[in-house]
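Each of the next two complexes has chain A plus one more chain, namely chain B in the first and chain C in the second.
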Partner chain A sequence: MSTIVTDTHSAHDAHDHHDHHPKGIKRWLFTTNHKDIGTMYLWFSLIMFFVGGSMALMIRAELFQPGMQIVDPHFFNQMTTMHGVIMVFGAVMPAFVGLANWMIPMMIGAPDMALPRMNNWSFWILPFAFLIMLSSFFMPGGAPAFGWTFYAPLSTTYSTDSTALFVFSMHIMGMSSIMGAINVIVTIMNMRAPGMSYMKMPLFVWTWFITAFLLIAVMPVLAGAVTMVLTDKYFGTAFFDAAGGGDPVLFQHLFWFFGHPEVYIMILPSFGIVSAIIPAFARKPLFGYASMVYATAAIAGLSFLVWAHHMFTTGMPTFASLFFMYMTMLIAVPTGVKVFNWVSTMWRGSMTFETPMLFSLAFVVLFTIGGFSGIMLAITPVDYQYHDTYFVVAHFHYVLVSGAVFSIMAAAYYWLPKWSGVMYDTFLSKLHFWCSLISVNILFFPMHFVGLAGMPRRIPDYALQFADINAIVSVGGFLFGFSQLIFLAVCIKCALKKGEPAPAKPWEGAEGLEWTVPSPAPYHTFDVPPVIK
Partner chain B sequence: MSETPEQKPQRQDNSRVITRLLGSVIIMFAFGFALVPLYEKFCEITGFNGRTSNTAAVANYGMEVDQTRVVTVEFHTRVSRGIPWEFQPEVRSIRVHPGEVKVVNFYVENRTGKDVVAQALPSVSPGEASLYLNKTECFCFEQQPLAAGERAVMPMQFYLDPDLPEHIHRFTLSYMMYDLTDQARVTTTASRSE
Partner chain C sequence: MNVRLTRLLLALSALSISATANAEQSLQLNLTRGVTDISNKVYDLHMLVFYICLAIGVIVFGAMFWSILRHRKSRGVKPATFHDNVKVEIAWTVTPFLILFAMAIPATITLIKMDDTSDSDVSVLVTGSQWRWHYSYLDYDVEFQSIMATPREQIYGRLPQTENYLLEVDRPLVIPTGKKVRFLITSDDVIHSWWVPAFAVKKDANPGYINEAWTRVDEPGIYRGQCAELCGRDHAFMPVVVIAKEPADFEAWIRGEEERLRNAREEEQRLLSMQMSMDELMELGQQVFMAQCAACHQPNGQGIPGVFPGLAGVGVSVGDQQAHIDVVVNGARGTAMQAYRNTLSMRELAAVITYERNAWGNNTGDMVQAADIHHFIQGNQ
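What follows is the complex of A and B.
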């Protein structure tokens, strides 16, 4: 990325006009301001993170000892299902959309998102989607219990009526994501400041641009799949019912055609965040900017050709297994390019270890561990051993928790001074980092071993030989869960403006247009577009 | 915010991009549904999901029997969950030469106290073999009405296409018996699409 030179007059805008907006609840209900909407997305995802997290703690409490202790198996299944759904659609995705709302206009020198009213709508339907989803706990038979993957026939023949609520809330979430994606694409295509060519955009903008296209491509397929589940269950169709001429395996093809790009939707923006933070604290420009862009596009393209690696055990022909195995392994190449570039950026940099950098470094190491276990899972013959064991659970939690969630934490610490105008509590933030780093590894690393030893996932009870490791994992789970309360405290302190006032550019090595506006970022930024030379 | 001259062409630009993106959303939604018949066709051509043809093949008695090869065909039967029927093949496996016509009987007993309509659906593993399994007669082609407590013998006559790939020495033909009483009441025609 070339150096960004801005017009000096762009930074003084804040003092020209007042932040005229309604006060109180009306400000938040009717806002079309990208910063307000971004803030609401981020708080929403933090709340959902704690809701989904408390379900995870219930799972870990039950698994602390072998045998049935606290919950019955059906409720345990509801916990695993809702934990997955909430973390994927309620915590990680809205957090990224919130970051996109806050940062993309400020990074490309735009006054707001391109479609501000739609932006309001795409946020405000989200709480209702989760209200519908969570209210299913009060139905007879409880919430959905078929896993977040809602495989047919579990979700059709063997499910309760909560399926209908599940399907409708999925529809609403899908609409919200699609509208968010359209907004991001239109903003990036049409609202860039003069001189901001595509190849000068910050990588966070690039990765979100590609993510938005993935969302447009796969969310409608998910909407179709949940609709088929709904009509199979209630309207007598037989898309997935073998007795009526359908095929349950077709469901898995449809779901993973959505599902695999979906996991990249949850990691590509992370790559953008880390690509912003590592150069800032290594005080060197990002190594291989162009290769980062191409690698992101390559990962997005390949994500459409690997879905059946989730289905090796469904009895595919050897040729198909080999195809999906090789395609999956191919993804390691562009991902390796990225990790190489991050490490090269740090090479001989003058590094300092502020909290955003600590989370980014943890991301690079732990995400790579998750990537390696992914390559192990990609090997068809050994996948027969790993399939549906805790090894898979360990793998996707390494990429999603110590990957995506850590990058969101890094982003929050990196931009909190810009959002709130005050510096976060440094001591608490470091405490949060070290507690999270240690506990996340106590939580997820031993899962690899019980997985390899054959402990199945989504089971409330287990064989006695897994008892010790499960006890350790549960302790790690509770430590990790309660460590996140420190993050909540940090966020609340910043929201209440308790802390040192932050300068416009609190990080010495940081680059980008967002640091040219004062902290906190004024309600309207870049009314006059900056000129990038 | 005051309207600058640059904002006007940009707004038109926006609507063009939005229209295209909304178009893509609709196309991808339709594509999700289009995958259903595409998958069916794909499976029919490649045998990917192991489903055999549900129309009778014409027995070709003049066909040359390949005495040099012996293929083991294993039979496996299941009854859909929670239905107390008996459903068994007379033999667990047989050895056949490709091209040779064989008959295997399946026994079924309705142990419930009510009349039912059932249908068995076939599945072959590995799926590749399903393309070379030709049934000239099979109970699975149609629905089977079974009175309460009734027993029946259901024959299945088949031969293997001599073009069966060399590497297939053994495959499994599985039948899953479904209770279609409710569906049969609505319509008497077979609910299978073909």
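What follows is the complex of A and C.
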């Protein structure tokens, strides 16, 4: 009872003094404010980006030349596994959740997320999930070494005991994601400002709305799959063991039924970001708003019907292979619509090239290149040649790094003035962009060649004909990795409020409610809902 | 450091050379055409889809860069205000659909051919295990395992790397040219994937299930590939080598193999009554250990803590001899330790067990003879 009284009291206080909140560590531990939680998500994801990135550099160092020079193959496998897990679940997903927390309430004119206490919890269990995951490095046998896809039976009978930590940590991450997704859906459905109909919502809100449904649909499947791995390893079940009547390929079906929608979870919010930035700097409304919404929904729907294209070589019946090939090819249609719409938005606009726009333009080109290799991979008979080679590695890094990560960088530069109240360092940001753009292509483009030439993925050592390209790729990897320190410098400068004060709307062509509030955005925004005409 | 720099410079120059003239010779940048009808069809499909993507890319990026160059504020352009055009939007939804339809037809035809394993002339059972391939000809009395032949000294830089580094095996698979060869693919432990790029054959080896694939090679030659599915620590070190021989040469080879294996079995029966000396056992045992056991238990017998148990001074190697024989012959259920009953001869089993009981300071002094193994297996049955 007393809690309720205190809460009413503090809510009342908040109205009186806009910036009233606990100071120091307590502010961050107990906060229910969507902006604080968004900030924590974003910093967390940046830290994880560097942790996962340093693992990638370890991989690239070992692959710089043929032969084993730096690490043991078993440790190399731990690196590839943890690099994947951390980048997917620790860097990209939390970054999007951070952006959602910061921007969705401000974009729809809501004072906060609908479920603020759950919001606090869904963030704060995340660092512990990753502490558990990373602590497995100190176990005998080290961290999981079965790839981020943890195919059974490599992850069951043949794994070390770090599997138990891996499973537990995955469960916590899944809970965090599901809670975050529920929060997004409830907020969007209930807290839009008067007049903000669904078809007036910014595309970032739309794409996140659809993403949240994908999350709720597939995270429980992942939870089921990891639990089955756990019971197969420790409790004598045989879901994935043929000797007990199970099937190792069943694991792959479960994993990819989660995994493919997961891929779109990591790219749909990017579409929303780019759809906000390109019109702003082309000074022209987004072309085909409605078709963008429908295309996003179509991609989300198709994502449940294509999972087995990751499994063409597992020995599926011809009919199943054909079905999944056709469905996968279909995805090119709505994705193409999006790209055409972005280009049409630029067409006959009046463009300027501030850093958010540069990252968005790079996104459109490089993501589309990743889309092209995606179409090639969809063709089952040719996929037999591409599957599990560096061609696949090139493909998904084009869509995830120069796609998802570039869009996150674009979003950061676009909204940093709103978050921090100061303009970012223009010179450093452009340096960051050009270094990243050049090095990301030195890093990932040659991987296409080495994959086509026949280099399998996830190997710590390779035949001599792959040596030259791997040396180039490794150089690109280190350049890209160190370029990101520039981004860190830009973020720290903004966090320390070093820079020119930002106006409420620093971008001439920007649209949206977030630009109607001052920069930095006050601790509480839209206590009184704005009215949308 | 200098070596690295030189290599890097070489790499950069190689890339620039390949971009100009003889790309095929200096550096392979594209998918192989391969040596079968199917692999050629796959290559053609690959190029078809690639060129279609290239054309779309030129159009889309062309429009985008035109826009970036011309429609910029610094040129004083006033932005247009259009934001919809139903006709255009329908056009760019339907056109990609038609292009995809056109790609799907040849893809479907090729896939149906690739999946048709009927009417084969020769069948080979391919079994993956950590980290080797085992080949068994169903129509002949021939089976053997195929282990990477690249020595550790090359991997760890103590010897220069030779031409087929990591892509060479002690015993390659031999198939006849001009015949439809069917591969039945399975695994003894984790999932592996059997891949020969020149045949456009890649199929997962799933434990407990059998997958099928086939090829018909017209050109005699040596074709190399690798395991394509992450299968544990030495995933990079289980190459596939296939030699295609003219049918007559193949026939001669397979008869020779049958005889060799028959002789080996007779020899083994004869040797059951023979005693080998400690030196002989240790010498053969070390060879077998390095080829079969060192990948997990390590050449120094230390294993990898938490992953693969050590043998030096601990466990069955210094404990009960019968338990030691049991684990090597029958494997340990629920672990990566496989059963060697069918992969090693009794002489080899005896030697490797003797070696493990006396190497790395274990010095138990125990000698295990082939007859002991024979006795153990008899007692088991």
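In the analysis below, the second predicted complex is superposed on the first by the 515 of 533 C-alpha atoms of A that agree within 3 Å, B and C clash if a C-alpha of one lies under 4 Å from a C-alpha of the other, contacts with A are read in each partner's own complex, and residues count from 1 in each chain.
Simple rule for what comes next: contacts are C-beta pairs under 8 Å (C-beta built on N, C-alpha and C of every residue); 3 or more make two chains touch, one makes a residue touch a chain.
Not measured: the values here are computed from a predicted model.
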### Task
Mind checking the superposed model to see whether chain B and chain C fit together on chain A or clash?
clash
### Task
Please work out whether A:115 is in contact with chain B alone, chain C alone, both, or neither, and reply first, second, both or neither.
first
### Query
Now for A:527: first (chain B), second (chain C), both, or neither, which partner does it touch?
first
### Query
After lining up the shared chain so the two structures overlap, which partner does A:71 touch, if you call chain B first and chain C second: first, second, both or neither?
neither
### Task
Report for A:216: first if it touches chain B alone, second if chain C alone, otherwise both or neither.
first
### Query
Taking the superposition as given, does A:286 touch the first partner, chain B, the second, chain C, both, or neither?
second
### Task
Pick one for A:469: touches chain B only (first), chain C only (second), both, or neither.
second
### Task
Once the structures are superposed on A, label A:315 by its partner contacts, choosing first (chain B), second (chain C), both or neither.
both
### Query
Taking the superposition as given, does A:247 touch the first partner, chain B, the second, chain C, both, or neither?
both
#### Entry: chain C clash site on chain B (candidates 77-85, 95-103 or 185-193)
77-85
### Query
Which residues form the common part of the chain A surface touched by chain B and by chain C?
242-243, 247, 249, 315
### Message
Per the contact definition, I'd like the list of chain B residues that touch chain A in the complex.
### Response
1, 10, 13-14, 17-18, 21-22, 24-26, 28-29, 31-33, 35-36, 39-40, 43, 46, 48-51, 80, 119, 121, 125-128, 176, 178, 180, 183, 191-194
#### Entry: Interface residues, chain A side, partner chain C - complex
64-69, 72-74, 77, 139-142, 145-147, 151, 153-154, 157-158, 160-161, 241-243, 247-249, 282-291, 313-315, 318, 321-322, 325-326, 329-330, 332-333, 336-337, 339-340, 343-344, 346-353, 361, 364-365, 368-369, 372, 375-376, 379-382, 384-385, 387-389, 446, 449, 452-454, 456-465, 467-469, 471-472, 475
### Query
Within the complex, which stretch of chain C touches chain A?
3-4, 7-8, 10-12, 14-15, 27-32, 41-42, 45-46, 49-50, 53, 56-57, 60-61, 63-64, 67-68, 71-74, 77-85, 88-89, 92-93, 96-97, 100, 103-104, 107-108, 110-112, 114-115, 130, 154-157, 161, 163-167, 189-191, 193, 195, 197, 200-204, 206-209, 211-212, 225-237, 304-307, 334-336
### Task
Show which residues of chain A lie in contact with chain B when the two form their complex.
111, 114-115, 178, 181-182, 185-186, 189-191, 216-225, 228, 238-239, 242-245, 247, 249-250, 253-254, 257, 315-317, 320, 524, 527
